[in-house]
Amino acid sequence: MLELKNVHGGYGKVTILNGVSFTIPKASITTVIGPNGAGKSTVFKAIFGLLNIHSGQILLDGKDVTRQSPRQMIEQGVTYVPQGRNVVPQLSVYHNLELGGITASDQDRVRARIETVMDQFPMLREFRNRKAIELSGGQQKQLEVARALLLDPKLILIDEPSIGLSPNLVQEVFRTLIRLRDQGVTILMVEQNAKAALAMSDDGLVLELGQTRMHDKAETLLRDPRVGQLFLGGHIETAQSH
Amino acid sequence: MSQFLQVMLSGLATGSIYALVAIGFTLVWQAAQTVNFAQGEFVMLPAFFVLAAMKLLGMPFWSALLLGLAISLLVLGLLFKKLIVEPILPHGGITLIIATMALGILLKESVKEFYSAEAQPFPSLFPARHLDFHGAVLSLQDIFNLVLCLAIVVSLTLFLNRTRTGRCMQATAQNPAVAEILGVNVKRMILYTFLINAGLAAIASFLITPVYLAKFSNGESLGLIAFIAAIVGGFNQIRGALVGGLLIGVLDNLTATYVTAEYRAALPLVLLIAVILVRPQGLLGTKEGRAV
Amino acid sequence: ADTVKLGMVAELSGAGAPAGTNWRDGIKIAAEEINAEGGILGKKVQIDEYDTQTDPQVSRALVQKAIDGGAYVILGTIYSGSTMVNMLVAQQNSMPQFVGSESPAVVQKGNPFVFRTSSGAQKGVPALTAYFKDTLKAKTVGVAWVNNEFGKGGHTVFLKEMEKAGIKVIADVPSEQAQTDYAADVAKLKQAAPDAVFVYMNQEESARFLIEAKKQSLAMPLVGEVTLTEAKVIELAAGSAEGAIAHVGLTATATDVPGIAAFATKFEATFKRKPTHDAIKGYIGAWTTKYVTEMVGKFDGEAFSTRMHGLCLKVADHPKILMDTCWDDTGEMSRPSFMVQVKNGTPVVIGQVPAN
Amino acid sequence: MTKVNKGFIVAALLLAVAIVAPIGQGNYITYTLASWLVFSIAAMGLNLTLGYAGQISLAQASFMAIGAYITALLTLSGWHWMAAMPLGVIACFIVGLLLGYPALRLKGHFLAFVTLAFNTLVFLVLRNEEWLTGGSYGLTGMPRPGFGLFTTMKQFNFYYFTLAVTVLAALVMWGIVRSPWGRAFTALRENPIRAESLGVDTRRITLLAFAIGSAYGGLAGSLIAPLVQFIEPGSFGLAHSLRILLMVIVGGAGYFGGPFLGAAVVILLPEMLRFTQGYYLIIYSALVIVMLIFVPAGLMGMGQRLREKFWPGRQQRADMAEGARLK
Amino acid sequence: MSKPVLSVRNIQKSFGGIKAVRGVSFEVQRGEILGLIGPNGSGKSTLFNCILGQLPADTGEVEVNGKPVSNIRPSDLNKLGVGRTFQQLSVFPKMTVLDNVILAGQEHRGTMLSRLFGPGDAGLTAEAEKMIEFFRLTPYRDTPAGSLSYGQQKLVDAAMAFMAGPDLVLLDEPAGGVNLTMLANLKDRLVAYNAEHGTTFVVIEHNMEFVMSLCTRIIVLAEGAVIAEGSPAEIRANQTVIDAYLGG
């Protein structure tokens, strides 16, 4: 479905990605983990056409999509939820949602979808006429996640959806992702909440210093002691014991 | 009494002109989050396009007007966006502001060098009919300006808030990065903004030049007053420009008539500073929401 | 060298550009004519242009630059604010300077090197007193003036003159330079209803004032000094200038003066527009340079200035001076002048005022 | 440390250039160079307010006016410049402090408006209060200061006098921006809310940014008075404030050397273009636009751009040297 | 017991029609690590902002060490020894990481005047470098903070909160986006600070593992009001909390 071949790229003069290669199969969930600053978000930007790629290739369904613009990526069924806050501050919640479907030709369908996601995240319905900037951190994140679900993407790139979400909503988001996968959507996700994320994923990918270090079944990674030690907060248990 | 009425009405009429130019400021702000300091020159220039078309091409007035509008859209809309806004906008507002200041000088000096340094008469779009209200005189043009201004404010507000394109333009201005990843055609939205702005500037130009006369330096004070009007009304609301413009027009005339002519430029400013300090977001402006 | 440099320092850009460019173009015509007649003392005239951007500080720097560049006389500036500064530099370098400024202060500083090309407001405005008093028989007047150094000069003299003549000034309305909205100004005058109004502003301001006056049907006679009836003002104000009256020193419309008619024709042929009085002033400045230098017989600023004081040039001997002209010991200038009124869209001479 | 040393060498070189620049030049060039120095001082002040502290001010020319009029009035009435100047500077400091108050409530273009209005007010007061300021005729004939045997009546001497003042002013500014204050100013620009929560007294820092910037405007004004020996309200209008703003941006806002470069471009470039006659303002403004398109960070940012252009080599990510933990 | 480090009484705050905080009161004793949890939009951040003077509360009083601080400005509060972090990224983007961290400490050194004449780094470089080292940011010492990754900026923010040597620190979602291993370090750091200096912490967090293992006491907010309070174990077992927040 999505394949990265030895991608190098970065910001300005600095090279951040030093050869990232992986393939993810269709209708699967792959979680990317790695230390802060490893280049996880940068990989997403590279895929979505937001990065200066020096070399390498990105293939979507076998088609070369290296250096395509975000709009072209959206046209090919890719959506992207970046890390951090990404709302249009002065527009209402509803209009922010609507922007999520702005590229769709069938606007009635988008409107119907909006109703559905508002059922899923009731807060959005309650606050539909408020400015996005006025929402709390987690509420804004809900808005963003909901916004990504309005089109019919075949690939969702979602960067740390759990930041700022309360535990029950994290579960809700994960459930939604699983449901989407079951419908045939491919999901590539970054999560620091890695244990929970890997537990629901098919595959896991470890990124470090801008390189793919490991790529395996999610359970395998979860059980790998080195991974646990280095990236899953291995000694949280030990800390708990005293 | 008739003096007071005259001053009020004239103030409103002038104010509507300020408002017309000020709308451009608020529009560019709402759709690109920047300030075009060449706005005054944008209003000065279209009249010269028309004059040039009449003088050099020998066109009749009305077709020259149309040609002037078209050239304005091309030069002040398309070219401005392509050559100046697009390359500089990513580097931040203040850089673009300085660039537009330089552009203002460029336009002004070009008109002076290539057309004329002297003021030129400009035909009026309206018959010179004057209406009498209890001893105060108002021209047909004044009334038209007021009505048009109102209509533009209403339709632009509706367009920006009620249409999807309008909201895409706002999204582009407020958070271009997000607009881009959602698939909004950011460049096109910016183009729309500047095309509308150019159109407005051209209309304002055709309306005011018969009275203000066509002169290369006309933009200086007009741009400044309109900028003030936009701020006072509230930069993030189109209708703020209307209120700000009318307020300044009236205050200026009242000051000059009843208080002081030497300080006529100052008193409105002082009043407005007071207003701004009480309502930092401008009269009709809305707060920008949470900061923490 | 076989050329002599004239330093033309004027307002070629900024607010004063219209005046400055006319001044320059008048000088250009003069330079061509002078060169065609063999130059000054056999040397060709070369005009060095310096643009002050209507900024006094820049004008000062540029007079300095013109002097560094070897100019023989300075021609300019027109705005009194600029002249007041840069004439100090010319004076320090004993450099004769012809200015287009009309502010009284220019010739009151005891600068022996500065010479006017038109008479100052303190001469022009008093010439009007008789008109207000005897012709219009005004008991009360209003004055609408532009609040810059140009307008202020005229305003001060006017108030003094009216007081002397026993005419009451019942409305005193200052306005800003480049002002566009004259509604309040005219409304005030209308309310006060004086017998006549003295209008003392620059060109476009005059035109805008006249348009508004017409709109509010201001009924009393509007009388100005020089600008009010200039061709440009009439063109700009269109029908609204009808009936406006002014006292003018030199006007391109005084076509019964042969020199002026010839100049106006040549100017229009060259520049495709009508000359203003600034153009005529520049022209006269350049020609006077030639005449007086040749009287002195050498290029010597001190001698030139000494010769200028108390000098009278007659058209009979010096045709390009256009009208008989005299300079006094302060550099002030006098020559006969006209009263002009706009009739059917053209200024018509309605009377001559003798030199004062 | 090496960075500081490099800056020091550049500064020393520039100073050397500034010292020899007027030698063998005419009065006019010397005069222009002196006005470059004066405007550099004014721009330096605005650079602190705008470039470092991020507070938009469109009123720098009016502080030059205040400094210039105070100096002019006092020196005309017989004071020595050395006594008059501090008064002008202090007055500007205080007025700047007051002008800073709106900045505590207002941001962005609202602040721009208030400062713009202030500039207009100062202009009107100078023009209308003729009894004090000479109105639109201005004040003329201010004496240039003398120091024993060294008199500055000559253009040449006055230039060196101005240069000395400029160097002192630059040293003081350097002291300010490299002290913790400088960091606090930048923090105010970058993220005032976070700065406040870290103990930065943003009110005081905002006011100081205005006051110090204005004091530099005042200093420039007190030099303009004896330099031009004529001042009038029109020389301190809004257009001149914008010109100083242009200097700051063109030079590179927030760079220490920016104002000097910017002032040089804004003052000297038109001089160099003057041979193009009427077209020089057109060419000049077009050049400024082109420059902003290609080097938006101002001329000071250009060095960096050029370095990147000619030494395009890629750079490794910062943490590469640490090595991977997962082998 | 001694005076509470922080005492909050009846804080209320509405935005237009929305009652974000509806009369919250609590006390924090010296040396406590208090957790503040609750669903999105329950008013946690708003409560922090009211306590810290970033937003004016509609009603209510706040005392720090027995001193009323209701109308005090954040900078003065910070000088009383109260540090904080923000929920959203909040660094000085164009300043280097080192400058960010030094700035956080410099305002506590000397007076306004001495800072003008003192050394450029206020003598803080060594201390700041140690802090940077701890958060594994040494390679980024001279990088502008704005070009760090999300998690790295979060760490810079945390580092800044510690630079002033605070008495009381309020942390708004310190764990968001931070790698679990680094998070464990952060937790150790908090615990160590708490043990060594008696520093008191109030932590807003949605990462339950982190909160439960770190805090000594937890307050749960929902719709602007306190709905539960107790030890981690009690909270974990509380059905209301499970329904409103933790989920099944």
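Order of writing sets the labels: A, B, C, D and E. Residues in every chain begin at 1.
Basically, a contact is a pair of C-beta atoms (placed from the backbone, for glycine too) under 8 Å apart; a residue touches a chain by one contact, two chains touch by 3 or more.
Computed from a prediction, not measured in an experiment: that's the story for all the values here.
Least step count on the touch graph, chain A to chain B: 1.
Chain pair with the larger contact count among A-E and C-D is A-E, by C-beta pairs in contact. Chain centres computed from CA atoms place C at the largest separation from chain A. With centres set at the average Cα position, the gap from chain A to chain D is 48 Å. Centre to centre, using the average C-alpha position, chain C and chain E are separated by 74 Å.
Separating the CA-averaged centres of chain B and chain C is a span of 36 Å.
Multi-chain contact residues of chain E (touching two or more other chains): 45, 54, 86, 140. Taken residue by residue, chain A touches two or more other chains at 35, 37, 134, 230-231, whereas all remaining positions touch fewer.
For chain B, residues touching at least two other chains, in rising order: 109, 112, 262, 265, 292. Working note: touching chain pairs come out as A-B, A-D, A-E, B-C, B-D, B-E, C-D, D-E. Within the complex formed with chain B, the chain A residues making contact are 48, 50, 70-71, 74-75, 80, 82, 86-91, 95, 98-100, 102-103, 107, 131, 133-134, 147. The residues of chain E lying in touch with chain A in their complex are 15, 38-41, 45-46, 87-89, 140, 147-152, 154-155, 173, 176-184, 187-188, 206-209, 213, 245-248. Contacts from chain D toward chain B in the complex involve residues 50, 56, 102, 105-106, 109-110, 112-114, 116-117, 120-121, 124, 127-128, 193, 238, 242, 245-246, 249-250, 253, 278-279, 281-282, 284-286, 288-289, 292-293, 296-297. Only residues 35, 84, 87-88, 91-92, 94-96, 98-99, 101-103, 105-106, 109-110, 112-113, 224, 227-228, 231-232, 235, 262-263, 265-266, 269-270, 272-273, 276-277, 280, 282, 291-292 of chain B touch chain D when the two sit together in their complex. Across the complex, chain B meets chain A through its residues 164, 167-168, 170-171, 174-175, 177-185, 236, 288-290.
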